[in-house]
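Naming follows writing order (A, B and C), and every chain is counted from residue 1.
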């Protein structure tokens, strides 16, 4: 099968209460990505935008920004889910024979709405929504399940927050670069037990874009390609209670698919860096297990070993991760961008030396229902 | 040209989206909810392929992708599989914080049902504890006909 | 360099104004099982799923996550697309790209809507810019009424011409057991009589001049599913699959005020691109049947011109001469079209699926050309004059 490359990346800074409108954010990310690729909108054959109607407060949310994404006279479509799924669709379109280059751009302004109400609307209106469940309270149920299964403690979760907020200090785009201690996390305000403020990602605004090209399309651009070596996506069951929240089998399936495509047999050894979707601190430990860099139940052991720290053998989230900046729908695409920057050697202060193969994760749906895994490399 | 940005007043426009909905529960779900409303009973459906009993009931088993064909009555007692104490309040919550949510595996069902846990001290909550359904006095055919689950 | 792709199965639920007996995921499940049965496949054979609808129409955020238990998506690759009215055709195009990429061989595409559960206008109004447009906007009809008025003004088109299209759609619907509106009373009357009745009856309310209730599409609950397969296996699954010859779309506009009301330039541009790919030079002669997304009657006149089936202002003559009826040279909407059934998230997919049934020779009482259909031309519409086009064909494209 032909290969697809990521040849341009662009992201806005992630922060709360950005003044820019959706289309201004999309335009900013898209133009940055095109500039990074050394091309312009005329070099783009087709576009995939990513947005969500509830978050944007408008039906057909894509309509608000399509022209800012360069849609005039071009084939265009919209994925409603995490940006990583948008990138996957953009990749399919560039492989289909109809197009050589795809621009994928995702945007979100969490500040414009009340997160709890919007995520409550994710839940089944028949049996769950009227209970008032939302992203944080459902995540708390998952965290508790995981604690029961693995023996992990709140202090173990806090280690993720400590590591990632510190890493964010090296990332000019991140919203919450901070030095926090385990004690700070443990003392932070309780939201939904066992989750406290510092276990949770912030409300963020921002946009991100990538330019994808097949081998023919690459000729239009100037940047050296980063190849998509493997990709996989899978969704688990929806109803909270019908699936084992402590065991991310969908992540396992998606990762295995990506590893197989990339020819990776031992991820812990063969990956140089990972960008995982830690919307909540405990998730990073669960995702270690899901992608197979440690055995089931051993996530806490892995983080305590230091192997996933900046000086470890497999650094996770040198960018600061999602806990440091969480524009929903964008964050998975940001992980892909960070992974790309790492293998290019362009990650500045957060660069992991000699990184050649990186993994990026996007998630969609409550409690990490669906996952999309990319393996990129030079 | 760019200096106009320094002195512009950034306007914020507030609004709400009010779109009314009425969701059809479907025949299967209706039997479940009326069973609770009228008889304080829990009914689930069983998959002929994997034998899983689902509460709330489903018309098709998601894992096997076949239609369920049998109704099974399950107990109103169960085991607490997970819980959380929520300390914040928002418009969509039925009671003011603190609210306790739990996943309850009813005796006779596979998988668990999401609901609130009430009449319990936070410190006493434990995964694995036995709980029992408490029904609302006024029941209207919604999931809130169950008032909450409480330690059995 | 890209696989060739064919539709090998299609299923739809009965479309009704409200399906009280099922919730959303259960409705989807019906369509999925119908499509699998049509193709002779099981859910295990499906490599990936694509689904779409409009969130605010069901009031559920992350609808793809919510419906996964009914769609067959548990432990499968699945994601969601949504582009308003074009959603159904957008997901069809996505099914095509999934397979054309070479990454998946059998892809299930689902479009659905339970319009009965929401206030459609209330939800649609939120599609428009909250600061500039929404405070004054009146729902989907307003834009269409403006387009119709301008068209009538430009070419001396009359209300009778619009009504003639409505009558065609509703007569065709009588052959389609799945569709929503079955206006049986039309059977016993001549076309001219029905047209006269529609434009004079007081019961046929004027909504926004020149549009009456009969000129518009209904609100419907329904779901549809199609299975796209790669060239390596398509013919093993379906003896006469419907090959995707070409597909393109244009979603040029974001604000209603920017649209050029004199022409449907997006539909024109997308159609031209498809005809070019297919080497079609005389669309009216070379296309055998159309399933067009006509949300209202005058579109059946004006948009025929935009697509290139006739010249500007010639739409009415094309229709009155009977060319677009079941036994005409270019039957349009043998299914009854959007004006007979509009489960919005599925509507675009119904056009593609109905087109596929025509090519496959499986369209039952609504089959045209004795089953010998070389090309079926299908379109999707939504948003600000967005146009999606998919051309299906009997022969595997070279």
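In this text, contacts are C-beta pairs under 8 Å (C-beta built on N, C-alpha and C of every residue); 3 or more make two chains touch, one makes a residue touch a chain.
Everything quoted here is computed from the prediction, not taken from an experiment.
Using the average of C-alpha coordinates as each chain's centre, C ends up farthest from chain A. More C-beta pairs in contact connect the chains of A-C than those of the other pair, out of A-B and A-C. Between the CA-based centres of chain A and chain C the separation comes to 34 Å, rounded to the whole angstrom.
Centre-to-centre spacing of chain A and chain B amounts to 28 Å, using the average Cα coordinate of each chain.
Contact of a single residue of chain A with at least two other chains is seen at positions 57, 125-126, 237-239, 242. Annotation for chain B: residues 15, 17, 21, 23, 25, 29, 62-63 touch two or more other chains. Multi-chain contact residues of chain C (touching two or more other chains) are listed as 23, 56, 59, 68-69, 74-75, 123, 126, 130.
On the chain B side of its complex with chain C, the touching residues are 13, 15, 17-29, 58-60, 62-63, 65. Per the touch definition, chain A reaches chain B in the complex via residues 19, 57, 114, 116-117, 120, 125-134, 136-137, 140-145, 148, 189-195, 237-243, 245. Residue ranges of chain A in contact with chain C, taken from their complex: 1-2, 23, 52-55, 57-67, 71-81, 85, 88-89, 91-93, 95-98, 118-119, 121-122, 124-126, 232-239, 242, 249-250, 253-254, 364-366, 369-370, 372. By the touch criterion given at the top, residues 10, 15, 17, 21, 23, 25, 29, 54, 56, 62-63, 81-88, 90-94, 99, 101-103, 111-116, 122, 127, 142-144 of chain B touch chain A in their complex. Of all the residues in chain C, the ones that touch chain A in their complex are 1-3, 23, 54-57, 59-62, 64-69, 73-84, 90, 93-94, 96-98, 100-103, 123-124, 126-130, 247-254, 269, 382-384.
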